[in-house]
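Some structures to go through are shown next.
You will see subunit A twice below: alongside subunit B first, and alongside subunit C after that.
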Partner chain A sequence: MSKYRLLLAAAIPAMLAAAPVSAKTLVFCSEGSPENFYPGVNTTGTSFDANSQIYSRIVDFERGTTKVVPGLAEKWDISPDGLVYTFHLRHGVKWQSNANFKPTRDFNADDIIFAIERQWKESNPYFKVTSSNHSYFNDMGMMKLLKSVDKVDDYTVKVTLNTPEAPFLSDLAMEYAGIQSKEYADAMLKAGTPEKLDQEPAGTGPFMLVQYQKDAIVRYKAFPEFWGGKAKIDDLVFAITPDASVRWAKLQKGECHVMPYPNPADLDAIRKDANVQVLEQPGLNIGYLAYNTTKKPFDDVRVRKAVNMAINKKAIIDAVYLSTGVAAINPIPPTMWSYNNQIKDDPYDPAAAKKLLAEAGYPNGFETDLWAMPVQRPYNPNAKRIAELMQADLAQVGIKAEIKSFEWGEYRKRAQAGEPQTVQLGWTGDNGDPDNFLHTLLGCAAAQNNGGNLAKWCYKPFDDIVVKAKSVSDQAERTKLYEQAQVIFKEQAPWFTIAHSVQLKPVRKEVVDFKLSPFGRHTFYGVDLK
Partner chain B sequence: MLRFLVTRVSLIVPTFIGITLLVFVLTRLIPGDPIETMAGERGIDPVQHQRLIHEYGFDQPLFTQYGFYLFRLAHGDLGRSIVTHRPVIEEFASLFPATIELSLCAMLFAIGLGLPAGILAAVRRGSIFDHGVMAASLTGYSMPIFWWGLLLILLFSVLLGWTPVSGRIAVLYYVPSVTGFLLIDSLLSDQAGAFASALSHIVLPAIVLGTVPLAVIARMTRSAMLEVLGEDYIRTARAKGLSGFRIIAVHALRNALIPIVTVIGLQVGVLMTGAILTETIFSWPGVGKWLIEGINRRDYPVLQGGTLLIGGIVMAVNLLVDVAYGLINPRIRHSL
Partner chain C sequence: MTQILSAGTDIEAPPQAFAETWSYFKENRGAVIGLVIIAALVLVGATADLIAPYSPILTNNSAFLKPPFWQAGGSLAHVLGTDAIGRDMLSRLIFGARLSLSIGVAVTALSVLCGTILGLTAGYFRGVTEIVIMRVMDIILTLPSLLLAIVIVAILGPGVVNALLAVSIVLLPSYVRIARAAVITEMAKDYVTAAKVSGVGGIRLMINEVLPNCAAPLIVQATLGISTAILDAAALGFLGLGAQPPTAEWGTMLADAREFVLRAWWVVTLPGIMILITVLAFNLLGDGMRDALDPKLKR
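And now, the complex of A and B:
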């Protein structure tokens, strides 16, 4: 009898070990590997997705919106002149630990100052660790914008700017501004392995990294001491699956719960699957054709208007975007605050276009180039096909367009240098602020060489408005300014606005409360499984 | 044998230098630079661009860059990835076991099926089996890997549910890396079901990757065997009353092996090329997918280092094949 008891005693733990794990594990079929675990030098959404689970930021975007809400800072004050931001930090925020780092203190102001100075000051010993290319920090203009960052006390930080910048809080809510531990950084520097800070991360976010195998898996565990409360799921797994059709096959089989970027060809089948729902939202993006307003004949607004009327936008949406795009009227997407609903799009009217061309001195049309990107982008599934459709439409009004394309890097370089007469490109918003579209893509500063204003359109009445809107902190007033800017944009027509692509996210039905991010990011805090 | 080995190894050195030069020049010929590619629609401030180009040394004349590259290479430094900023050798070492594991399984599948199929087709020349093997191998050889992989996933994973769709092991298992070979590590980990999961994950990718080598091996075995089976000594063996099996296995196959081994050796290169697509379809974390990403991101150090290491491995395997000739046919050793 005692022999049986012994066997039983040995067998029970073994059976328990082999039993299916009861923890709630959510599997996300991500599309690629993160570049590393330091968001400050990341350049891809894939990397931001992997890192935003681990790190918290001073402020955050409310899940599923572009609204800025408290993060590591509980509240903040802005001086009347818009130059000084005082952040009041949360108390009792715990750091995650790992094999290299066992925190001895909670998060405090030193960490905020370290995180900012690491990207800002070349004298910081971490400035060049991993990379000195703090891409988003630079692109958001932080280098020139920041005047000083001071610790008032352990839980108060004062940031002083050189000029007022209304989108500043939104800029700080972006993933690149994830906060790392100064204590961990110092320890790694002392140990002579500073790069470990960015390879074996420890943040204050809802999930802690357990395992990363390049091109295979990123495994996280819910951080029980997360300042916002423990996540509803216990484990989060990113199963790296680069091929869209394979992602769909895995979702279908239940091998993953959420997948990004479905293949348009699979959409019908996905929609028919009873176990899957497709979440949809117009993306925070725009695809456009920019007219180079410094080159003839596009320096004449009548020609630009005429071309706008000569192209059949609906045909492009139907043929190229299928169910994944909505016609764009304004340069900002309809989901963005300050979108002007009153503006009417230029009608498709080849006869009127011809008449306008004649008025502008081109009764027999003219010759132009028509640049098309060589790659598929989130806002434009097939630029070459769109260019072919445009070419056919333009031929109807006598305009002979020659389609041109280059290697992707070369294409952008030449386009930014102002080489083309007309060029297709697009934009995906970074921070949900209209400034990120209207000033970044259409302001005079961006019209200079190598700037993002491909129309090279520097129109003072418009520029004055968008520059002023940057310095006003009242959102209602900013809304009025941006609405006005959109009216001017439509009148002057520096672009033919093509479409805003729709973000589609197939999600299995057992997933509860997954919210689409307007930025196309994937956040799993707050998500549950049935 | 020593002389033979020394001659072969001495040939490797110029080949190796040739690869470094070719890869270096070819990567620089791809339009676009890595900094520009990383910037995306955002573009990059020209001053910042220039600073980074200078930091990576891309503003130096090409021959200076190549000189530095060779110098670092001589010191065992393959550089750091521009994207992940990790040492290339470290990334390669973490990914290569997955490629080896997949390639070995694919090769086992190809040899295990191709060799007997080719022998039987030769022995039963002109039969339905012979025609069947030839038709199947031609189809297998012509099958685009991408299409073939997706087709098998749809059939076996989605429709029949026999195999997992992709990956190396179910996410349920957390197998610590000991050897890097998951089939071995899963056994060592002592987790119930981990080995079965790893095995079920490798079946489809191994079949897909092994299909082209299988077709080539089957056809080569058939033709080599046909040639040998027509020889006088086979007729003599038959006349002596030896059993059919002994004639085929001992007298014919041994003599037919030289071209077959050559083809098997050459398939290593084919496997490496095929691995790039197979790994992408099956989300297999090997060096193939890593190189593709390297091309897309213009990650020069990854491209240079990865190609060089793979080139070195292919050369080493070919050397082993040459040594194997000597073992199979002593005349080759003696002729050198």
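And now, the complex of A and C:
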């Protein structure tokens, strides 16, 4: 085995050296090994990156944006009540082949139905293959949302929902909804090796898997018959490199072209390198401090406003996020549609905060807890340090805050149960819809027992708007509703919005047209090399 | 805190004994250096409020991660630089000294006190009492000390006082064992028999006759134990189970600064050096005490 690895190690640089003459090979220094090649059971960006190159979805996000564009479905109709989606599928879409599977037919409606039922119906023979925990499918509420999925003809699929759901199309564009071949699945089931479907994948996507060696390498080849046209690069290699500094060293030496998640300490050096450019984009995320609005004294909006004014946001950004964060004003990130530019943030003004506290009946402040998660998150590099800064700021207006932390699983459980008075957390959106933030994190439904609304904030005027926006499908109207919701949010201040962290991606100069994904994913179809 | 220490280790020894001990002690240069360092640290800790240039919890938003004054970018305003959220390193180290010394002394006092009582009881009464006490101590000894401390803190909840209790429990068995062994040896001696014959009762015999004669090994163990206590408390702090922010504690400071090892050496190195110096000083002192007090090592 080690001999083989050695050979492999020797082969990659040789292949790279030969790249300009023969084939274009792009090397991505990925941060970890994918768990398998079935996105339906994956939850990590690492796994999604590895398998989204192979599969296509019914609809897709336009590269670099959150806009939904046609994928395997060329077009679709939505019934006026928003309950019935009819997808018209693309003709002549070819399946990739591998050692186990030679496709005899093109992609059709059966594959779509298989992909949905595999996650939806326990009776499906593949429901439990690899894992029966279809996290994303369950978390999106698909189990309850879907009423029926029917094949009208070979190239038409009708999906009926129980309730109108405006973000439904975005939901289908997420990685977990990658389409697998039913023909391949049936063949593997017959052969008694159903798990091969997820380990030796065949999709309809732009790249096909050539080789996967855990903790070492994932190799892909462009799929020449891809429905969107062959990719501009010929080979795609994921060189798995868990250490951020090693990734940077490899990028510097030209051993890879793109690297994710640079070490903030290396950023200065990376920016100075003439062969590398650092792409940056505010991530689709938010880090926040939620006030538990069901507990004293945070049931009083004046107290919440006062605390908002007592905390110095700029200091937090400078000390903790460094150059990787922008101050957050609204609960949704600025790159998202319907972001309300008109809203002014609460100013940092301890004197005014003190006055407001006195008005609310706390002239000498009060005691509170201040929860900080024990782990680094994409939206929050160091919650404990932020908590210490907040603690010092709050002490200035007489509020005595005690920092608390628990093991990460316990932390979320207790926070969702509404135990803390104030708690830090955050959110990374995964379908680009404001509903994914405003309703999921601040709606009344999520404020109930153990829901994700950590402020336990159930405010009727706000909830009415975001629930209404869910059932409207006209985007202009939805934008208006969400803009209004953000105004109410700021007035009522259930959160102190901390920051949106910036996504940084060092890319070598010879890479052409690499676009940052707002979801933090890496898509290599459409990327070229000079 | 220091009061507890004097209560726990106060021995009514005749003045000649002290002079004799001192004459042995001062010949050991390492031990004297240790003593001087500890005296200096105690002084710094005691006067922390007066000598620290800033409050240890005061953040300065315009001075994040400033280097010490001798390095480019540093200034005399923050002699040893500032940490990631702009707190003065020197002030934090000074207040950290107070906390670490207090923890070391309090933990040792607590475990010496409890350990001596338990050991004395076990050695005096023997029989079932002894078996129960000693087997419990054996069980404590079978568990890795830091792991046990972590378990105790996990149950009690993080915080300085709980960490202090946890470390005390972990250090208990050595004192119990020493006290019991010394008591058993002493109990066989003629003066004890003489005291018994002249009608001295149980408690008085234990405290007035036996205990003073067992004090020497306990003092040695206690001096060495302070360094273990400081180290364990720092380890708990490092794991986030000891002192809670914003309290300045060396172990916690070290843990918070790990990510800056390459970028800002001072936030990591300085608390580490402080722990090193303090623990080393206590070990040197303990060694000297053993040389001076252990009859087997006396010339």
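Note that the second predicted complex is superposed on the first by the 509 of 530 C-alpha atoms of A that agree within 3 Å, B and C clash if a C-alpha of one lies under 4 Å from a C-alpha of the other, contacts with A are read in each partner's own complex, and residues count from 1 in each chain.
Throughout what follows, contacts are C-beta pairs under 8 Å (C-beta built on N, C-alpha and C of every residue); 3 or more make two chains touch, one makes a residue touch a chain.
Quantities reported herein were computed from a predicted structural model and do not represent experimental measurements.
After overlaying the two complexes on the shared chain, residue contacts for A:65 are found with neither subunit B nor subunit C. Once chain A of one complex is fitted onto chain A of the other, the partner contacts of A:391 are limited to subunit C, with no touch recorded for subunit B.
Between subunit B and subunit C, more residues of subunit A are touched by B. Legend: residue contacts after superposition of the two complexes on their common chain; A:425 is shown touching subunit B, with no touch to subunit C. By the document's definition of touching, of the two partners only subunit C reaches A:312; subunit B does not. Taken together, the two complexes place no residue of subunit A in contact with both subunit B and subunit C.
On subunit B, the positions that touch subunit A within their shared complex are 30-33, 35-46, 48, 51-52, 55, 83-86, 91, 94-95, 98, 150, 153-154, 157-158, 161, 164-168, 171-172, 174, 177, 191-193, 279-286, 289-290, 293, 298. Interface residues of subunit A, counted against subunit C in their complex, comprise 265, 312, 314-315, 318-320, 374, 384-385, 387-389, 391-393, 395, 402-403, 405. Of all residues in subunit A, only 17-18, 20-21, 25, 27, 32-33, 35-36, 41, 43, 130-133, 135, 138-139, 195, 198-199, 210-211, 213-217, 219, 237, 239-243, 245-246, 249-250, 252-253, 255, 377, 406-410, 412-413, 416, 425-428, 449-452 touch subunit B in the complex they form. Those residues of subunit C lying in contact with subunit A across their complex are 57-59, 61, 64, 84-86, 240, 244-246, 256, 259-260, 262-263.
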